[in-house]
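Next, two complexes with chain A in common: one pairs it with chain B, the other with chain C.
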Partner chain A sequence: MKSKTVICRCEDVTLEEIEELMEKGYTSMDEIKRITRCGMGQCQGRTCRTLLLAELAKAVKTHPAEIKITTFRPPAKNIKMSVILGGIDNEQNG
Partner chain B sequence: MNRTAEIVIIGGGISGLATAYNLAAMGMKDVVVLEKSYLMSGSTGRCGAGVRQQWGTEMNCLLAKASCEIFENLNEILDYEGDIEFKQGGYLLMAVTEKEVEQFKKNVALQNSLGIKSVLLSPEEALEIVPDLNIEGILACAFHHKDGHANPFHTMIAYAEAAKRLGVKIYTYTEVTGIMVEGGRIRGVKTNRGDIFTGRVLIAAGAWSREVGAMAGVDIPVRPERHQILVTEPVNHRLGPMIMSFAGNIYCQQEPGGEFIMGYGPAEHETYSITSSWDFLEVMCRKAVRFLPYLRNIRIVRQWSGLYEISPDAQPILGRVEQVEGLYVATGFSGHGFMFGPITGVLMAQCILGLPTTIPIDKLDLARFERGELIFEPSVV
Partner chain C sequence: MKHAEIAVIGGGPAGLMAALAAAEMGAKVTLVDRNSRLGGQLVKQTHKFFGSEKEYASIRGIDIGRILATEVHKNPNIETMLNSTVVAYYPDDGVLGIEVEEKKWVKMKAERIVVATGASEKYLLFENNDLPGIYGAGAVQTLMNEHGVVPGKNVLMVGAGNIGLIVSYQLMQAGVNVKAIIDAAPSIGGYWVHASKVARLGVPILTSYTVKAAYPNEMTGALERAVIWRVDDRWQPVPGTEKVFNVDVMCIAVGLSPLAELLWQAGCKMMYVPELGGHVPVRNDNMETTVSGIYVAGDVAGVEEASSAMMEGRLAGLSAAKSLGYDDGTYEEKKAEALKELENLRSGPVGGKIRKGLAQLAS
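Coming up: the complex of A and B.
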């Protein structure tokens, strides 16, 4: 069996899938995120965002700082609707 | 980059890409699509993904039905190696006022006369479709089993890849800075990466269409409006259809992956801002839990926003622009550009090639605002 390197654990995205997309010309983090869902899972890219950034930088031969990173979206971590609806009474539940 | 083109399409969203694909499939050469940012950066890539046929005017019903039929076969039509994830779980529309009940009756009668097999349901009957629905305050429902939702990202990539295989050039990060018009005719397009000479331009720039239209001296009366949306963690499947209330101002659906996606349309000032706000989260939670109490225990993962381009009558603006020869427009969808995208592509390609359109679109032309012939659609959020 061919070995696979998992980049995004929440959405089960492999390096091989990302490389395939880069070969097709999708070389922005935003595009790869939307096509593969890399970084769109429950942890919101805590691990894979930097991995994807590093792989992209390598592929397009640039410094990671030169690559436009995907937007960090709220909320900062997963939060139950009941906590938002309960307001201050539920502060401990987050 | 191409220096000449048969047509330049401004806007790499669903309308632009679907038109580009259809033009190429009908034999047009040198089709160029310009997108100012990355593919999926605009309104299509931020939308709620719903596809419905339950409309209140004959024209919208016909357009939506034809679009839905294309969605059903889109993976095959575009020979897509992925999946556009079209899920036909239906749309359950919930009436919470007497006025809405009356409108639903009229809508269902109209839809049935056009071959859309929607039904009017009592709240108790709706429970058979959504067993967890809190029917308190719901007076009646309308349901159509063929409505549903698709993955906007994959739908766009499917069109983009199919278009590219037919020779269409898609330039991302290419922003239009001017439109060259001479003697009332389109001559070309100026971009941040150089000029392209062409006799035809299609403006499919969504919320930015007014700005782009002004470059050709044409007023396209659409205004940008921010709409917010959120997605939850994935959980087991509990919700078949998209649920929606016009008066209650909410839509909510469960993705094939198990995530719930929901939004509502707040009254907002004209803005190009696509930031997220805290108050949205609070109001959204209250609205969602009202209809589906079990959502209380589900976690929100992410929120984002995108722009509707609202036209004066909340209807699309499609077709030739009379003042400038060679100029066409496909915009003004007012929040429904994705679901109408596939049929927009077909009709705009026919219109641009001078062929008769399979569904008449003359009533949707830009000049209707000057003529004062606005279209009234009763069923929009």
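Coming up: the complex of A and C.
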């Protein structure tokens, strides 16, 4: 079995893939997210966000506080389409 | 659309105390929690707490959770929504989107919101960090303390903060062999009382060590061997300092980061403060964020421990109620008391990191 270091468990993104991208000049969290889906899976980046932040800061030699992090949009976790598609019928009014 | 005077999001130590404090002042509270029972992570805490009687010192965490949950359930001012996850805050109209029992969508407009969503576990990057047998400390606690299942036979604990130390002790109570506790920092991060307990039982605590790699059993594919190495004072690993442990479990307890999605969605001003676990909300001493009407408490406001989470919760609950006009004349006194408790909890050498982080946040 080939060794790997996993950075995003939900989308199976490895550190190696991230490092290759950084070498090519992709050094923003948004770019890396769009290319690899890092942070777009089941947990919505709860585990990998801080790891990616640290790797990016290291690569561009800056403080993690200086790295712009990706936008947070609802819903904060994955929910079934049927929950919303039920529309007004599913809405509990009270 | 549902309406609430005060919505408290999260029913852990901070949220429970916030709900009780706001209700005590006379406000109507809706407490929302994603789990099927209240208590948050308190349910996993089999050890006795410190602090003063206000934080239920010398009572086990799991019992504190029960006591607070019982008080919440019998309080006529508090409505509880369980199996309900707040997944959205829409800043245009301040409406919360709540997924209920994974099948209903409930919208709620609250006059005040206390976000007490807690934190999630941090992880580490090393070769084969996804092998079966590598757990977060929270998962180990869930397995053992909630379900009565041991994770394996031989454990390498990564992290000598309070969680790493306490979970090591709990593993040993369950008859599991803890081979060593390692930490990349040059000193033990947790309380000495917890460290001494495991050290007395013969568990080596190796500081300035980190994980280099994990290796699987060829038959099962699960963890069989862990290799650690020393880091120098610039956190760089030193080749030649490797040590090998034959373990079927590695438990990662390297800290928590605040679960602040809702605060980001709301546009609260956030600041990166490593001492507090990462990005945390800027707030005033009432625990109100930069978005008026949104309060924070507990680990989401900066990772600490359950006792201070409870006091922050109380402070946030009192302040949210006060801002709606609920004050029988006791607010100032109760607020001062909660602030004093927090100051006591954060005094001493272990609180140094928190004090530094909070000072940075206030600057």
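By definition in this document, the second predicted complex is superposed on the first by the 82 of 94 C-alpha atoms of A that agree within 3 Å, B and C clash if a C-alpha of one lies under 4 Å from a C-alpha of the other, contacts with A are read in each partner's own complex, and residues count from 1 in each chain.
The rule we apply is simple: a residue touches a chain if its C-beta (ideal position, glycine included) is under 8 Å from a C-beta of that chain, and two chains touch if they have at least 3 such contacts.
Since the structure is predicted, the reported quantities are computational estimates derived from the model, not experimental observations.
Peer 1: With both structures lined up on chain A, is it a clash or a fit for chain B and chain C?
Peer 2: fit
Peer 1: Which partner chains sit in contact with A:75 here, chain B, chain C, both or neither? Use first/second/both/neither.
Peer 2: A:75 sits against chain B and chain C alike.
Peer 1: Touching A:6 in the superposition: chain B (first), chain C (second), both, neither?
Peer 2: second
Peer 1: Check whether A:34 is in contact with chain B, with chain C, with both or with neither, and answer first, second, both or neither.
Peer 2: The answer is first: A:34 touches chain B but not chain C.
Peer 1: Considering only touches as defined above, state whether A:15 meets chain B (first), chain C (second), both or neither.
Peer 2: second
Peer 1: In the overlaid three-chain picture, which partner chain does A:84 touch, first (chain B) or second (chain C), both, or neither?
Peer 2: both
Peer 1: Draw lines from the C-alpha centre of chain A to the C-alpha centres of chain B and chain C: what angle do they form, to the nearest 10°?
Peer 2: Seen from the centre of chain A, the opening angle is 150 degrees.
Peer 1: Touching A:62, do we find chain B (first), chain C (second), both, or neither?
Peer 2: A:62 sits against neither chain B nor chain C.
Peer 1: Should A:42 be classified as contacting the first partner (chain B), the second (chain C), both, or neither?
Peer 2: Only chain B; A:42 stays clear of chain C.
Peer 1: In the superposed arrangement, does chain B or chain C reach more residues of chain A?
Peer 2: C
Peer 1: Chain B to chain C: minimum CA distance in the overlay, Å?
Peer 2: Comparing every C-alpha of chain B with every C-alpha of chain C, the smallest gap is 7 Å.
Peer 1: Across the two complexes, find the residues of chain A that touch chain B and also touch chain C.
Peer 2: 44, 71, 73-75, 79-80, 82, 84
Peer 1: Under the definition above, what is the set of chain A residues touching chain C in their complex?
Peer 2: 1, 3-7, 9, 15, 44, 46-51, 55, 63-65, 69, 71-77, 79-80, 82-84, 86, 90-94
Peer 1: Would you pull the chain C residues touching chain A in the complex into a rising list?
Peer 2: Residue positions touching the partner: 1-2, 85-90, 97, 99-100, 102-107, 120-123, 125-130, 213, 216, 221, 257, 259, 261-262, 264-265, 271-272, 274, 278-279.
Peer 1: Can you name the residues of chain B that touch chain A in the complex?
Peer 2: For this pair, the touching residues of chain B are 38-41, 45, 82, 153-154, 157, 161, 172, 233-234, 276, 278, 281-282, 285-286, 288-289, 295-304.
Peer 1: In the complex of these two chains, what residues of chain A are touching chain B?
Peer 2: 24, 26, 28, 30-31, 34-35, 40-42, 44, 71, 73-75, 78-82, 84-85
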